[in-house]
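The letters A, B, C and D name the chains in turn, as written, and every chain counts its residues from 1.
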Amino acid sequence: MVEVTVGERMAAAMARHLKDGEVVIMGAFSALPMLASRLAQLTHAPNVSFICGGSGAINPTLEPLPESSCDDRLLRAECIYALPDVIDLEARPEIDVFFAGGLQIDAKGNCNLVGIGKPGEIKFRGPGSVGLPFLSRAGRYIIYTMAHNTRNFVPEVDFISGPGFVDGELLSNGPSLVVTPLGVMDFEDKKMRLKSTHPGVSVEMVKENTGFDLIVPDNVGETPAPTDDELTIMRRLDPSGAARDSIR
Amino acid sequence: MTRKEKVMEAGDAVSKFVKDGCLLGVGGMHMHNNAMAVIREIIRQKKKIGGLTTSPSACTNADMLIGAGLVEEIYCSYVGFEHLGLAPNFRKFSESGELKVRDCDEAFSVYSLRGGASSLPFHPLPKGLEATSVPNLNEDDYKFTKDPFTGEDVLCVRSMQPDVAIVHCQKADAYGNAIFEGSKFTDFDMIKASDKVIIQVEEVVPSEYILEKSHKINVPGLLVDAVVDVPFGCHPTACHRYYTYDADHLKEYLKACKEDFPAYLDKYVYGPKTNEDYLEVIGGREKATKLMERDIPW
Amino acid sequence: MTRKEKVMEAGDAVSKFVKDGCLLGVGGMHMHNNAMAVIREIIRQKKKIGGLTTSPSACTNADMLIGAGLVEEIYCSYVGFEHLGLAPNFRKFSESGELKVRDCDEAFSVYSLRGGASSLPFHPLPKGLEATSVPNLNEDDYKFTKDPFTGEDVLCVRSMQPDVAIVHCQKADAYGNAIFEGSKFTDFDMIKASDKVIIQVEEVVPSEYILEKSHKINVPGLLVDAVVDVPFGCHPTACHRYYTYDADHLKEYLKACKEDFPAYLDKYVYGPKTNEDYLEVIGGREKATKLMERDIPW
Amino acid sequence: MVEVTVGERMAAAMARHLKDGEVVIMGAFSALPMLASRLAQLTHAPNVSFICGGSGAINPTLEPLPESSCDDRLLRAECIYALPDVIDLEARPEIDVFFAGGLQIDAKGNCNLVGIGKPGEIKFRGPGSVGLPFLSRAGRYIIYTMAHNTRNFVPEVDFISGPGFVDGELLSNGPSLVVTPLGVMDFEDKKMRLKSTHPGVSVEMVKENTGFDLIVPDNVGETPAPTDDELTIMRRLDPSGAARDSIR
């Protein structure tokens, strides 16, 4: 078998975090979460359901995996909801896991898609918050990023699009996992903690590329590689490598 | 007496229904089902857009109008090109202050239109959505009221009723009875909420076709003011079940925005006056065939 | 690991998901798509219904439960039999005071469920609906709040989230992915708003069938807790595109309500323990054939 | 041709009241309004659109006419909306004409479907108000009844389900026409006025069967019979006479 790509390792880590029976939702730019959700269904979690954002497709067959979250190839699905129906679902207790991301992510798991700057003085405009505010109602959520550096992992986000462990009572259980090209993180006492690094990445490298003090336990392992089974499935679903090879 | 047909040229539909300063709603989502043929016509006619509202995820439908300098303010939940990158004109015009951004989120995009569609004076949001920065960035469109049953504070959004909506769908008859064959996005509520509705279609079909397919997801002609017959009219975005988005063209667009957007507009908008001319400029039958070639469900 | 199927007998679905004192939603509208097989099972199991909510127009789905003495209160926009007459049990039990009526209207039925479906704490109404007697008759469910954008008073309804919804549709797979082939009534919002959902169907179809028909109007299995396979399970009401309502039986029902309702229940509810037994009692294959014989569109 | 039925005369009167291009909506027990709307489309008003209540059918072909407003034979239509979408339409300015009825109707055109009695002491329960509250937002509305007597035409309704010319500002233009088995009425200064009587019905009979003082102008004509054309169409749409013969 050829070498495991970073994308494959990230997708496998996200897939394994999903529990059987859970309902999962994702928004734009979600080829990796789509791959991870379908992988979970085809391995340990056949009762996972996943909703592909704007397309409204629920449990699409994903062969081959499209790059856009609204692609019409997603329409071979168990259900196609109109977007307002999807939004209704996003607010319902049925949703166990959200996939999220951001221009900026901070130690408490807050995500920012508004932009960089201050109110009235935004010097770099992000695309906008889209569905991230619904994180406040999610069971829990997985943050994934296509890059990991001190520009996107910051001490405090400039704007909150998706609330992490903010002050006050949360309806959600907050962020539970962060998966990046460098490693996997989770949370301890509402602060981000390094869990594992990918092969060839040192703990030091992760710390250098993170703009806040990450909790680093004594023994940080290596992110497990996908099994042969998982790799076979991912390569079948994504033959072009659009998702699997998306991170370099 | 005979029944009135609503089929008209894009130029006529725009000059008749899109007024300077209007609140404009554009359908589709991400790089899918953007009603680009009519949007290009708006640019040709240099209509000033007072306010622009979109699905929760706008793409070139918003970015091109902005780049043409026609948009005063936008209700922005997301403007971008998904895996292809950020929206260059949106970024440039908003960062320079030429474009006013009313920050919002998916909940606003959906519920403000749903409120408008249902003639509600305002629309409450589910609890929890007040936990972000968005309502603070846009105190004109997000406000609290009291839940009359519990007395608790509830965050609400303003209802929106666009002056005109421009939406693409796959098929319609001459009376505006329309069939959506792919995802519906927020197009249905946008149509219901708007005062005037222009639908651009891939095909105008006989009324008998619609009668036999009324179990499909559809829109009644009584809400539709104009039907514009423009095959491939979503290019460079996709039209579900007809053709996929033109990734090469979108990349060319993104590059042009950074380098020489007026040249892009000259070549693709001001140059070709008709939909047929446009299709030639983007690569003719060969390009069309390529975009249509793929497995689609059902 | 294998995927969990949700197909079960009506008896098991009712004993598992319908709790004494629950707020129950029943789907269908007028004499169409009433989920009668499951409702008859509720009567057999003598489940006490704390509150009953329906589409804006309930029929025998509500009247039979009321006649069996099982309903404490009903949210009533309309209970009747359209051109066949008024609802005898509803009238009798409400006039005697045995049934508490929470007066409401179509706007309440639709928007209270839509509010529940969207997890809104309450749902505002369009202006003008305060001009009737209904809000005054039901001050628990209709209250005014302030429009936070204009300061005007706006009439609102309580959002409803039934404990369990019972809905009929034409087809579903074993995982609860369901296809509605006729009118949708308020069934979709009822399903979204409810905690537990029992769907009774004409046919359980393979998952592959659903995947090829996902462009049809449908409901995701993730919202469905039980699939009950009961062909002709709407009788004596219609199931759109499968069979029409049994006007003769409905007239017999209306007569029985006035003369000897216990005898009706013995013959048609307590007597036949299964759907097959019931179909024999109402006239077997001959009756079924007769109700199916007619031209249907598409 | 056989004799014109009362139902046919009523349907023709309602059809002629619809103007070309109007959007019309009806609820339960609406075989006559359905017949009238389709008749208008096929004669003077091809641009009328009509919405059949609970079925969600818009401009169904209606051959043959079903009795129930939710019948699946209505699904051969130009559009089938879900009921919540129909409700959205009911509140929109597109709706020009509502068809309405009631257990009680009063001189101001108020309709009551709640019941007979007082709050807390309802001695006769009506079916319920359904969509009548939306009359408050309609362009105008047509009241039709299957009986005309002093029990249903009362001085003042016990409850208002559908607001007629109530005090205060109305969003609607109020009731415009009342069609019953005895005749046709309209409104003058917000009070009901006799316009025409059906053949064999005297002005005196209408007055005796109306529980309030109807405005009676000097010259009350006879309700015009349907033309041969109109009759031919109605008999084609309703061959069984379900609607046409519904009043005896």
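Odds and ends about this structure:
Heads up, the rule we're going with is that a contact is a pair of C-beta atoms (placed from the backbone, for glycine too) under 8 Å apart; a residue touches a chain by one contact, two chains touch by 3 or more.
What you are looking at is a predicted structure, and each value in this text was computed from that prediction instead of being measured.
Following the contact convention of this document, C is the list of chains adjacent to both chain B and chain D. Chain centres here are Cα averages; for chain C and chain D they lie 28 Å apart. In whole angstrom, the spacing between the mean C-alpha positions of chain B and chain C is 37.
Chain D has its Cα centroid 57 Å from the Cα centroid of chain A.
Looking at chain A, one finds that residues 57, 75-77, 80, 87, 91, 137 touch two or more other chains. Counting partner chains per residue, chain B has residues 111, 118-119, 126-127, 182, 188, 211-212, 214-215, 297-298 touching two or more of them.
Taken as a graph of touching chains, this assembly fits none of the simple shapes: it is neither a line, a ring, a star nor a complete graph.
Of all possible chain pairings, those that touch are A-B, A-C, B-C, B-D, C-D.
For chain A in complex with chain C, the residues that touch the partner chain are 20-21, 23, 44-47, 49, 57-59, 61, 75-81, 85, 87-89, 91-92, 94, 137. If you check the complex, the residues on chain B that touch chain A are 29-32, 55-57, 76-80, 82-83, 86-87, 90-91, 94-95, 101, 103-107, 110-111, 114, 126-129, 131-134, 136-137, 182-186, 188-189, 238, 240-241, 244-245, 294-298.
Residues 27-29, 31, 54-57, 67-73, 75-77, 80, 82-84, 87, 90-91, 113-114, 119, 122-134, 136-137, 159-163, 166, 168, 170-172, 246 of chain A are the ones touching chain B in the complex.
Put simply, chain C touches chain B in their complex at residues 111, 118-127, 143-150, 152, 154, 156, 158, 181, 211-217, 297-298. Touching chain D in their complex are the following residues of chain B: 1-4, 117-119, 173, 175, 177, 188, 192, 207, 210-212, 214-215, 218-223.
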